[in-house]
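Chain lettering (A, B, C and D) follows the sequence in which the chains are written, and residue indices restart at 1 in each chain.
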Amino acid sequence: MMDDAIISYEKRPDLNSPVLIEGLPGVGNVGKLAAEHLIDEMGFTIFSRIYSKHLPPQVMVDEEGLVELVNHALYYRKGEKGQRDMMVLTGDFQGLTPEGQYVLSEEIVKLAEELGTSLIMTLGGFGMIRMVEEPSVLGAVTDPGLRGDFEKLGVTFRKGEPSSGIIGASGLLLGLGGLRGIPGICLMGETSGYFADPKSARAILEVVSGYLGITIDMAKLEEKAKQVDELTSRLRKDLEESEEEERRSEDLRYFG
Amino acid sequence: MMDDAIISYEKRPDLNSPVLIEGLPGVGNVGKLAAEHLIDEMGFTIFSRIYSKHLPPQVMVDEEGLVELVNHALYYRKGEKGQRDMMVLTGDFQGLTPEGQYVLSEEIVKLAEELGTSLIMTLGGFGMIRMVEEPSVLGAVTDPGLRGDFEKLGVTFRKGEPSSGIIGASGLLLGLGGLRGIPGICLMGETSGYFADPKSARAILEVVSGYLGITIDMAKLEEKAKQVDELTSRLRKDLEESEEEERRSEDLRYFG
Amino acid sequence: MMDDAIISYEKRPDLNSPVLIEGLPGVGNVGKLAAEHLIDEMGFTIFSRIYSKHLPPQVMVDEEGLVELVNHALYYRKGEKGQRDMMVLTGDFQGLTPEGQYVLSEEIVKLAEELGTSLIMTLGGFGMIRMVEEPSVLGAVTDPGLRGDFEKLGVTFRKGEPSSGIIGASGLLLGLGGLRGIPGICLMGETSGYFADPKSARAILEVVSGYLGITIDMAKLEEKAKQVDELTSRLRKDLEESEEEERRSEDLRYFG
Amino acid sequence: MMDDAIISYEKRPDLNSPVLIEGLPGVGNVGKLAAEHLIDEMGFTIFSRIYSKHLPPQVMVDEEGLVELVNHALYYRKGEKGQRDMMVLTGDFQGLTPEGQYVLSEEIVKLAEELGTSLIMTLGGFGMIRMVEEPSVLGAVTDPGLRGDFEKLGVTFRKGEPSSGIIGASGLLLGLGGLRGIPGICLMGETSGYFADPKSARAILEVVSGYLGITIDMAKLEEKAKQVDELTSRLRKDLEESEEEERRSEDLRYFG
């Protein structure tokens, strides 16, 4: 029988109690945007790809016409001057089925345990179903001792929120990690949920950088956020104009 | 491959031929309401959580911002003065797929056998698709010898009812338990099926308390039942009023 | 992990190269009707029940309020004076998923092999999507040598029919049986497919009785067929009358 | 538990670093048409059938009334005078579920490895959602070294195309083959995607024949392509006429 996951190593890093940061697709794509920005800006190196029958049955084609089987990729970065070692997990898809999501998360948590992971941080969006100007960051933890440090960084812990729980890898990595004794926190950036939200990703990364004592250049995320802002304000203007026009033609109709 | 279920023990109880009582979500949420009331009122202690890839892939967040992987929880209570030892199984979800429901129930039945379970009682609602003032309790058994004792407590056994069978854990625990030689009964409280029904849960618990010789304080269930009654009578009044109003405006129309 | 199937024996029969006859639910319920009639009329004895996580997750409740886990049941009959030993497989459901159907059929074929089965006959309906007065019986075989004997009994073999293949247990038992070297034939009775069709079941059983040299009392199937005929002719009359009425009221409307 | 796949050998060929060519159903049925034409015209011999619980649960019935369990079939051809040995994989269905597609492709890639396969060529259609007069052939490879040879044969490699990746066996055999070190190329013929497209299949086979140094008689594919062309031009004429007619009746309406 085919294994649930095939874990291939491009390089086996020697890490010291690393922090694992997850950012897979989800609400507002907040987690994935944050994870990819972190990888791009902080000099991460890919070290492993996880292939699985629980991911979509397809290959992606790159700029050179080369195919790559759909996967979850793991990157690492050795900490500088007292910083902690870090790993980032990202990918184009979550597991396709509920059972597949469990199986994939369990594989990742097992790997994390083998690599001596000391903390799991999962990143995601918290859908507000309304426009959000200044996104707050909501937190949920497996270990009450983690709350204090994150509250100092502005993270809020709201009673029983999100009320529907945390779904997918961001929830399962914490839950299954907790069963193996690895503490974890989920950071959720408020987002409308209507489009990919770099502003929310940035809000999360501010917390990550504060907690881990690293400096992340936010220029590219800010640029993307500006583009989204322009797009939405243009969209809003267009909507207002077309409403205005409609009103006028309705007014005319009364005279017709 | 990930195990079908991860059974974690918070405490391993020493039980003497216990009775296992199941109350998971279902029609009118009758079984779960009854099970939770029993746990709250009779001083039950949690001793095990069952995690499974057949449950939803998510964590719930509690009042303190702590995450808890979705699970089935097992509670126990040592019997006082000649009472039987009891266990209660409850949780927020049933298995997600038909196969998952089988697998979860089989894990629970295996555990029940290991703990020396002498009787499985599954609790649920029997949907009437009409309002029910005084809910009867319907029974179905794996062992004809069980009928008499429950008939004395007012439980009715109707030929071939429910005609569509008993679906989910309440059915499977009996069926799979029977294959292992553990006798079982399903107690189904009549319920409209339109909303959570504490009155039906109470009717079931009267049977449970009678059979097991325990006294259950029903005050909180009665309070909940009263709230539901008030809600439904207010709803009915509102409906009648809006119908009345409609009739009047229709009458007026004839004069218009 | 839970086994794919749990095979429980009520009695282990000693059979001599038996013929296995399958009749599970399907088009016009033809196969199941035929199998159950055979069991009832020819003095079959149940010897095994097959429980499986690939069947619906439920128990059925019988006339005595006793629960029975959903299953496939196997019956046998020792042949009299030179007749062949026979087994009949029936049940209330097919496997729930395509994969589940494969797994169940493989379990049954393995069991059939263990019991020395010399021929698999699967019974089903061939949906015509029109009323059928005198249902023919269509055949399909895994072994060309079987055709002759059945053609003598009036079975027709039409090129590439059914064009969509034979789906479910009736197909899989032949296909998977063939891989184990057990020859097989599928007998499909023509049926409208609009309702349970005892006339079609009878047509199939005529072939079965002819081939196996047994005499089957058809009185009860004929009675059922008469009831269906009455029902459909009443239905037809009602339809004609309501059409007639409609025509009249339309005529009146022109005068209105 | 039933194996994921049952591989039966009709004949075990002795092959020398063969090329495996896949053509299963897909967009415009281009891959399957090409694979079947290759088998018919080049004197291939069937040597293996792969049965699987991940294929549809049914048997097909042939012209003689013989049933055949749904399968993937493998054919081979020993190369003549310096030609490479070839295998072709085809069948009536892809795996039914995403997971089933992975499992089947993994079984095939394992088999390919055992047989010493040196190259996997997967054939498919590239849906243009518009009529295509002269279909180009698009390529995607697992190994950049393969590009040059195919570009010389007119295959184009467009940046990141197909943008949605390559789905099903044509993608997975490359991806999973790559993990085992077997190089691979997918050849995609442009096609409208509206109907089975022999012209696109022909375009692909021109590349295959050029690369492998074989001569394929294209007469039958050309005949089929002519039939499709006639059909589509008749369809187009009918559409134009009915539009014309509609226009006229609309014109008349204005005079009415």
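We adopt the following convention: a contact is a pair of C-beta atoms (placed from the backbone, for glycine too) under 8 Å apart; a residue touches a chain by one contact, two chains touch by 3 or more.
Treat the numbers as computed from the prediction; the structure is a model and nothing was measured.
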Would you pick out the chains that touch chain A and also touch chain B?
none
Reference chain C; chain at largest CA-centroid distance:
A
Please compute the angle of the rotation superposing chain B on chain C (C-alpha atoms), rounded to a multiple of 5 degrees.
90
Same vs different contact residues, chain A with chain D, by half of numbers used:
different
For chain A and chain D, let me know how many angstrom lie between their CA-based centres, rounded off.
38
Centre distance in Å when chain A and chain C are each reduced to the mean of their C-alpha atoms:
54
Flagged in chain D as touching 2+ other chains are none
Could you list, by residue number, the parts of chain B that touch chain C in their complex?
1, 3-4, 95, 98-99, 101-103, 105-107, 139-142, 144, 147, 157-168, 171-172, 174-176, 178-179, 184, 186
Residues on chain A engaged by chain D in the complex (per definition of touch):
1-2, 6, 8, 51, 53-54, 56-70, 96-97, 100
